[in-house]
Structure formats: C-alpha cells, structure tokens
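So, here come the structures, one by one.
Next, two complexes with chain A in common: one pairs it with chain B, the other with chain C.
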Partner chain A sequence: MLVKRFIRNKLGVLGLGIVLFIFLVSLMAGLFATHDPLEISISNRIQPPSRIYFFGTDQFGRDVYTRVLFGSRISLKVGIFSVAIGAVIGIILGSISGYFRGWIDYGILLIMDTIISFPSILLAIGLMAVMGTGMGNIIITLALICVPRFGRVVRGSVLSIREKEYVEAARASGSGHIKIILTHVLPNAMAPVIVVATIYVANSILIEAALSFLGLGVAPPAPSWGNILSDGRNFITQAPWLTIFPGIAISLMVMGFNTLGDGLRDLLDPKLKQ
Partner chain B sequence: MTHYLIRRFISVLLTLCLVSILVFSLIHLIPGDPVLVILGSTAEREQVETLRNKLGLDRPLLVSYVSWMANLLRGDMGTSIITGEPVTQMIVQRLPATMTVAAAALLLSMLFSVPAGLIASLRHNTYIDYIFSGLVILAVSAPSFWLALLFMLLFSVKLKILPMMGYVSIFENFWQGLKYLILPALSLTFMLGALLARMTRSSMLEVLREDYIITALAKGIPYWLIILKHALKNAFPPVLTILGFQIGYLLGGTVIIEDIYSIPGVGRLIFSAIVSRDYQVVQGCILLVTVIYVFVYTIVDISYVYFDPRLSYDKK
Partner chain C sequence: MKLKHSNSNQRKQPSGEHLLDVRNLSVSFDLIEGTIPAIFRLDLVLDQGEILGVVGESGCGKSVMAKSIMRIIPQPPGRINSGEIFFESRELLGLRESEMRDIRGKEISMIFQEPTNSLNPAFTIGDQIAEVFRFHHRLSKGQAWSKAVEELHRVEIPDAEKRMRSYPHQLSGGMRQRAMIAMALACQPKMLIADEPTTALDVTIQAQILELISQLKRNIGMAVILITHNLGVVAAMAHRVMIMYAGRVLEEGPVENIFYHNHHPYTRGLLQSVPRLDQAHRELREIKGIVPQLNDLPGGCAFSNRCDLVMDICHKREPELKPIGPRHFSRCWLEYEPQRNG
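Moving on to the complex of A and B:
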C-alpha cells in the first residue's frame, strides 16, 4: 500500500532512483574508474575531456572522472554518518525534552536553539578552523548541526504522543519511563525523523563540499568534490572542466536526497509539508 | 502583546548568552595548547606568556569568560594578534560590504521569486507550474559556491561582460559598484529565490481556496485587485518565516561568496584570520554575524502581526 502510493509520486521515485544510482556508483567506483584517483601524471596535466580522460585532468594530471567517482564515497560517508550520529543524539534529547517537559525541556530547548541560532555554515567554519581538517572532525561538526533539527521534530511528536491513551495505559500498568519512551512513544515519532534525515543528508553533503572547497574539510589529495572544485577555482580560466563536473555531481546528489525526502514526506507525514 | 515581547526578549537574551559561551569556548577546542598552536613551537617563553595572558588562558575559565563578556558588552572584542588592530574596528570596517552583498541577493531573490510563485499558483497544474517546480528543484540543489564559479566562467571568462572579482562600493560609484555586485548576488539568489518562490506558490494556493476570496469575487472586485490585495497579503506570513530562517543561509553563503569574488567583507576577514590563526578575529566575526542573524530573525518573527491581524501574540 505504502509502496504503491510512493510509486505514484514521480518526483520521489526520481529521487530514490538518483540516490540508488549514486550508491551503486560509489560501491563500484573501482569498477567504473579508468585510472587511479591519486595517480599523478605530470605529462598529462590540465588535459581537456577526451576519450581517455572523460572529464579531463587536473593540475597534477589526475583523472577528474575517476576522482569524481571516488568523491561520491566521501560525500556519502560524511552525509550518512553525520546524520546518523546527529539523529541518535537528537532523538534522545528530543524525547527526554518532550516526555518529561518542565525545566529539563526548557534547558534542552535552549541549547538546541543556541545551535540553530548560528548560520550553520558559519558554525561549521568556526569549529573546523579550531579543530583542524579531517573526516572525523567534519562528521562531528555536521552531527552537531543536525542534532537540534532532529531534537525539535522528535520533541514535537513526543509532546502529542505522550497524551495518547495507550501511553497512559502503559503508565497505569506500571511501565517505567524508559520503557514507555522506547516501546510506545518513539516508534510513533519515527516518520518525521526519516524525512528530516533524508533532507539533512543533502544538507550535510552541501556543507562538506563547501568546507572542503574552502580548505577546511577533507584534506587534499583526497578526491572530495569540494577539493576538486577548489582546484577548479585556481585553474578556472585554463581548466573549466575541473569546475563543471564535480559541481554537477554535488547538485545531482543533493537533488536526489532532497526529492526523495520530499517524496517520503508526502507519503509519511503530509502535515510536515511546507 | 507586551507580555509576548518581554518573554521573547528574555529568551533571545538567554540564547545570545549561550551563543557567546559557545563562541568563547571555540579557542578551547583547539587540540593541544592554543598558544603554541598560534605562535608555533619555536616561540619565545616571554611571547607565550604575554599571549596566554592576553587570551585569558592563564585564568580560570569562568573568570576569563566574565572578563571577556564584560569587554564584549563595551564593544571590545580584543585586538588582532597579527595587526594589533581592535577586532571590533576590523569587523565594522568590513561589515558594509557583506551587508550590501546580502541585501542585493535578498532583493534580487524577492524580485524573481514572488512573481514566479504567484504565477505558478495562478496556473496551478499547468505546464507553467510544472516547469516552475522543476526549476525550483534544480535551483535548490546547486551549491552557491559552484554557481559563483560557473557565473565567473560564463560572464567573465567567456563573455567578458562582468568583472571576474573585486569590489567597488555602490555608495562610492553606483554603476561601477553594481557591476561588481551582480555575480555575487546572483550566486546567492538561486537557492534563496527558489525557497521563497516555492513558499509563495504553496501559500497562495492555500489562500486562494479561502472563503473571503470567493466573497470578494462575488462582490465583483477585479481579479487582479483580489490577487494583489486580498490573496498576496495573506499569503505573505509563511513566506516571511522562510525568509527569516534563510537570512542565516544568506549571511553564511555571503561569507563563502566573498572569498570567491575577493570582496573585502567579513567573510574574507574570517578566512584570512583562520589562515594566520588569529582566533580572536574569527570569534568576533562569527559572534557578530550570529547576533545579526538572531536579531533579524526575531524581528521578522514578530512582524507577522502586521501581515496577518488574525494572529494574536497573547493567545496561546
């Protein structure tokens, strides 16, 4: 039933298709690759796209097509891990906040609002500047940015679910708070979490690309899309292909996750629709 | 209304207080000894002690925060360790450029998005509407810093009609300044404009179904007048919400765009400060931009009532 309704949502299916395609490409990047992503070949530097180098080469003669393929792994890894960590923490904080209310609620909300108060890219820039570049730090930073988004959504659902009769029944029959939250409240609050998660994967991927582009993300020579774009910026007049292809890859991936998220939202939680 | 404003004011103050604590503690997130990270391991002992004292790292955390905050309230954010200039002065000098770019992007996106969303809502479920939705999806997906590079490629490298980078203030030379402003503003417009347009469309669709629109039609008021006066005004509050939220995106995005187009604004200041490990400047910039965002967002949030008198603040 749900699947049938999802298939009718053409954009959602398109999004799912794009996401699956990118997953496949990144899993089998080695298979599709024509070169080594880190292999330097000075004699072939800054070559335009050709039959040997589909997307051309960069200033070190590395194959841009191969680097873009492998870049999908970095983007997916960062996007998925940061959102997963952010979601778990956000769900815990949000359910405590909404379930117990009172001062705990107020304190947690205040902390979450503080994080939301920062323009997210700016907070990411600040954190990465002090913590230093690297995949682990990016994931921590992006997880921190996601936490309040999940926290708020979960808190909202928990607030309404805790008033339901089945929760009251569980309480009357002597279940503890943690058991009630885990078995009765959270499962009923998951739909919006899935939607927010999908959309925030896109957001995290965008911010990672921006950070790497600025030299604050994944350290080069790793083939992150942001890193390739950063090379592209330095060689914009000589090698426009360094700019064009990774940008298309980022946009495609972001579009995939965004439209999948929109489709899931229409399916699971029409109320969230903006 | 007053009650609501007071409550709102207190919560903004609390949030800003926590924001300042987070920004303050940034320097403590530096792995290892921040002073050695800033000066390098070859620094003289005396230098190390002076800087440690200047950054307040030789005092207990709380004491150091209170004195930092007390200075902050007097508008003193310390001095740059590179140039010795007061941080506040450095930022204030660069703020106009950042604000100009952000304002230009905002104007440009409003200019495109409200009419586009309006037309899409009036032509609901036609080809125009579908093309509109497709464009919105594309515009939301493309990162602004990539668009900035593409526009450079197209308008500066290929067509050679606009300058590649640099900045002239529009207050000094309007036409020249405008030339330098177009590409940065355009790069930020896509995402912002798309979100605003999508919101305008869906909000209009909702309003057009309301009874008072039908009543107005029945009274024989011209259709265009109903759309502009009755529908658009009532469709505006949700658009305003999105706008308020997106001011953060806009300010953050401007920071990156400045770096690409070499605009002497707060963004460039942040990045040059990061490179030279001038962390007080970094802290100052982040704090100031965030405070601006919080104020703008709060004002936008409060101004709902003007657009929708049916909302009342004191009702729960």
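Moving on to the complex of A and C:
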C-alpha cells in the first residue's frame, strides 16, 4: 500500500534511484575505477577527457573519474554519519524539551536556538578551524549543526502529540513518562524526522564539500568532491573538466536526497493517508 | 505535589463503607487570564457496583473532576488546592506517583469521549490491549495476546483474532470505542470513569455501547462514574445523579428524585430544555443567559444570574449543599426559607 503510493510519485522514485545509484557506485568504487585515485603521473597532467581518462586528469596527472568515484564514499560517509548522530541527539533533546516543557524546555531551546542563529557554514568553518581538519571532526561539526534542526522538528511534533487523548489515555492506564515518550509520542513523531533527515544529508554533503573546498575539510590528497573542486579552481578556464565533473556529482547527490525527501514527505503526509 | 489539608477537621478517616469518597476537592488552573477555579469544594461518594451519572453543561468541571480522581491533571497549570480522595480507604492525593501508576488502569480505569484520538495510531488494537496485560500483570507476549483476544470477544467485537491486527483507523467509531472499553476493563477495575463515552458516536451505536457498559458492569461488579451531558443516557443507566454547574454540585440524588422530584431550579431548567416526543405541544424552554466564566462568577450562588427564582440572598451568599431527602441534596436558598418570589 505504502510502496504502491510511493511508486506513483515519480520524483520520489527518481530521488531514490539516484541515491541508490550513488550508494552502489561508492560501494563498488574499486570495481569501476580505471586508475589509482592517488597515483600521480606527471607526464599526463591536465589531460582533457578521453577514452583512458573519462573525466580528464588534474594538475598532478591523477584520474578525475576515479577520484570522483572514490569521493562519493567520503561524501556519503560524512552525510549519513553526521545526520545519524545529529538525529539521535536531536530526537532525545527535542522529545525531552517538548514533553516536559517548563525550565528544561527553555534551557534546551536556548542552546538549540543559539546554534541555529549562526549560519551553518560559518559555524562549520569556525569549529573546523578550532578542532582541525579530519573526517571525524567534520562529522562532529556537521552533527552539531544538525542537532538543533532535528530538535526543533521533534519538539514541535511532540508538543502536539503530548496533548493527544491517547497520551492521556495511556496516563490513565498507568504508563509512566518514559514509556509514554517511547511508545506513544515518538513513533507518531517520526514522519517529519525522516524527511528532515534526507534533506540534512544533502545539506551536510554540501557543507562538507564547501569545507573541503576551503581547505578545512578532508585533508588532501584524499579525494573528496570538495577537494577535487578546490584543486581544479586554478585551472577553471583551461581545464573546466576538473570542476565540472565533481560539481555534477555534488549536484546529483544533493538533488537525489532532496527529491527523495520530498517524496517521503508526500508519502508520510497524514492528509494523504487513507 | 503539595497538598493543604485544610478543613479536614470534620471527618478525617474514611468511613470505609464507600468505594470512593471525595471530600472538599478544589482544583484550579493558573492561566494567563488568571486563576480559574475549575472545581470548588466538591464532595462525592460512590459505592460498590453503583452507577453515578454526572451531568452538566460544557466547562462545568466534569472532566476535571474525573482527571483529578485519576490524578492526571497536568500540573502546572492545574493545581489541586484542597481535598481528599479516598479510594478503598487509601488517600489517592497523598500517594507517590509510582503507587498511583499501579492504581491507574488496574483498579480505576477511564474511557474517553473520542475513541479515535484515544488510541495510538501507530500500533494495532491487539498490541495496545496486550500492552495493558503485560504492564499490569507482567504476562508474557503470547499470554497477553491471547488474553487480549478474550477481551475483544467480551466487548463483542466480531472476528476478534483478525481485528487484533487492525490499526485504529481501520475500525469504525463504535468498534474503536469497544476496543477502548476492552483496554479499560482488561484488568477488571473496581471503578470505571466513563467521560462522555458515547458523545462522539451514532445514536444506534450509543445504545449498544451503553448496553455493553452496563452488562460488563454487572459481570465485573464495578462501580461507574458516567459523565455525560445527555440526560437520556443518565435516565437509562444511572442509579444516582449529580448535577454540576461551575465546578460545584448543585443537586444530587437518586435518579427518580432528580427526574421527578427535583428541587434545584437549574435541574428543572436542564430537564425542560430536553425535547420530548410525548409532549409535543410543550414549549421547549432554555435556561436564560450563558454559562459564566469560571473566573467571573456572580457573587453568592453561582447560578444566581441565570436563575428564574432568584432572591436577594442568592446574590449575597452561596448556599450549602443541603440534605432534603434520603441521599438527596440541593444547593439552593429555596430549601432554607419559605418561597418569597413573586
């Protein structure tokens, strides 16, 4: 029933297709790769796309196609782990805040709103500058940016659900607060969380690319899409393929996650539920 | 939760003869508009196996009373200012929250007005009923499931095994209310609070649900507080009736007295505003005015600004609930003095 309705949603299916495609590619990057992503070949610097180098080569003679393939691993890892960590913390904080209200709500909201009030890219740059580059730090930074966004969404749902009669009925049948949150409130608050998650995966990937582009992200020579883009920007007029292909990859991934999110939102919209 | 045991000098110990004995209960809500006294010095007794009908207009404190007994009033903004609630000689307001949790659902159950909203949409009916058994009786998953099936049979849901796997939105309103009743009665409670159990249902389904409740009441032998604004339901079901207005009891008595020998002008007004087929020529009379805001009650008797028989004293002082017959009480100055109205 749910699956059938999802299939009818063309955009959602397209998004799911793109996401699955990128997943497969990153899983089997080694299989599709034609070169070593780190192999330097001085004699083949800045070659245009050809049959040997599908996406051309960069200023060190590395194969851009292979690097873009392996770059998807970093982007996916960063996107998914940061959102997963951010979602778990955000859900916990949001449900505590929305369910218990009172001073604990004010406290949590104060912290979350402080984080939200910074533009996320600025916050990310600042945190990365303090903590230093590296995969782990990027994930922590992006998770921190996600937390208040999830927290806000969950708090909103919880606020409305805690007033529902079935919560009162659960109280009347003897359930405690923790049990009510886990069995009655959260399962009914998850729909928007899933949608927000897909959208923030895309957002995290974009920020990671931006950080890498600025030299604050994944340390070179590891092939992240932002890194490849950053390396190519000095040659953008002579060798546009250095920036075009990673750019397309980033756009495709972001579009995939965003359309998947839209599709899921339509699917989980209670007004469309029968 | 702090409680002021004020004016408890009268009868501190429970008499033991009543299942439920509520004394001098006052509940208020602290809202932006000010403090709203939702219930003011309410007394209530309920005996084993008895059905008490609680009648009143919307906002007269019926549901607040029910939730106060269950102690599920959200605090804040709610506040229980005074009173004692003795249930089987235990004082509920003084119990720890964990002790209260054991009583809720097991010894005192509650069913709500809107069965659609009272069931969790994310789980099947079966899961939700089985949960009650697992929680209160610590049964295993399988045992709880088969007990839940039995319970559905008892509330006469056809195809019980199949319905166990249904989600609430797949059932009709009447079926959902049956499922709610099954949940509420799963532990064979000693007392059931039914907060407008049939208001949201079709008339034909109403009758079935009421019949079901009274039948189950006979089987289990539980006491029922039936909250409603439907006088017909009360006439058919209740042994005793309590008429509430602005958080106070205005008249209370056996059902025959309330319908045929009522004393309070408000009770009379309520009865006259019910359309009747057997008296087609009779004019339908309304009670003049509207229910006053609880934080803006008239001085003296709360009903004085709407009463047809209002006297001077009504504006000055509020009468006490006065016994006027066996188990029959009325809160009206007419009971104190000879009628002087013109």
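Convention: the second predicted complex is superposed on the first by the 269 of 274 C-alpha atoms of A that agree within 3 Å, B and C clash if a C-alpha of one lies under 4 Å from a C-alpha of the other, contacts with A are read in each partner's own complex, and residues count from 1 in each chain.
Keep this in mind: a residue touches a chain if its C-beta (ideal position, glycine included) is under 8 Å from a C-beta of that chain, and two chains touch if they have at least 3 such contacts.
Fair warning: this is a prediction, and the values are worked out from it, not measured in the lab.
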**Item:** Fit or clash - chain C, chain B, common chain A
**Value:** fit
**Request:** Scan A:F213 for contacts with chain B and chain C and give back first, second, both or neither.
**Result:** first
**Message:** According to the stated criteria, A:T259 is in contact with first (chain B), second (chain C), both, or neither; which is it?
**Reply:** first
**Prompt:** What is the contact status of A:R171 with respect to chain B (first) and chain C (second): first, second, both, or neither?
**Reply:** second
**Asked** Using C-alpha centres in the superposed arrangement, which angle lies between chain B and chain C as seen from chain A, in steps of 10 degrees?
**Response** 90
**Asked** If you stack the two complexes on chain A, which partner ends up touching A:I111: first (chain B), second (chain C), both, or neither?
**Response** first
**Prompt:** Does chain B (first) or chain C (second) touch A:P187, or do both, or does neither?
**Reply:** second
**Request:** Examine A:G126 and indicate which partner it touches, taking first as chain B and second as chain C; both and neither are also allowed.
**Result:** first
**Prompt:** Of chain B and chain C, which one contacts the greater number of residues in chain A?
**Reply:** B
**Request:** Compute the least Cα distance separating chain B from chain C in the superposition and give it as a whole number of Å.
**Result:** 11
**Request:** Residue by residue on chain A, keep only those touching chain B in one complex and chain C in the other, then list them.
**Result:** 273
**Item:** Contact set on chain A toward chain C in their complex
**Value:** 102, 164-166, 168-176, 183-184, 187-188, 273
**Residues of chain B defined as touching chain A within the complex** = 11, 14-16, 18-19, 22-23, 26-27, 29-31, 137-138, 140-143, 145-146, 149-150, 152-153, 157, 198-199, 202, 238, 242, 248-249, 251-253, 255-256, 259-260, 270-271, 274, 279, 282-283, 286, 289-290, 293-294
**Request:** Name, in rising order, each residue of chain C that touches chain A in their complex.
**Result:** 67, 70, 72, 76, 98, 101-106, 109-110, 112-114, 117-123, 131-132, 135-136, 169, 180, 183-184
**Asked** Which of the residues in chain A end up touching chain B in this complex?
**Response** 11, 110-111, 113-115, 117-123, 125-127, 129-132, 202, 206, 209-210, 213-214, 216, 229, 232-233, 236-237, 240, 243-244, 247, 250-252, 254-255, 258-259, 273-274
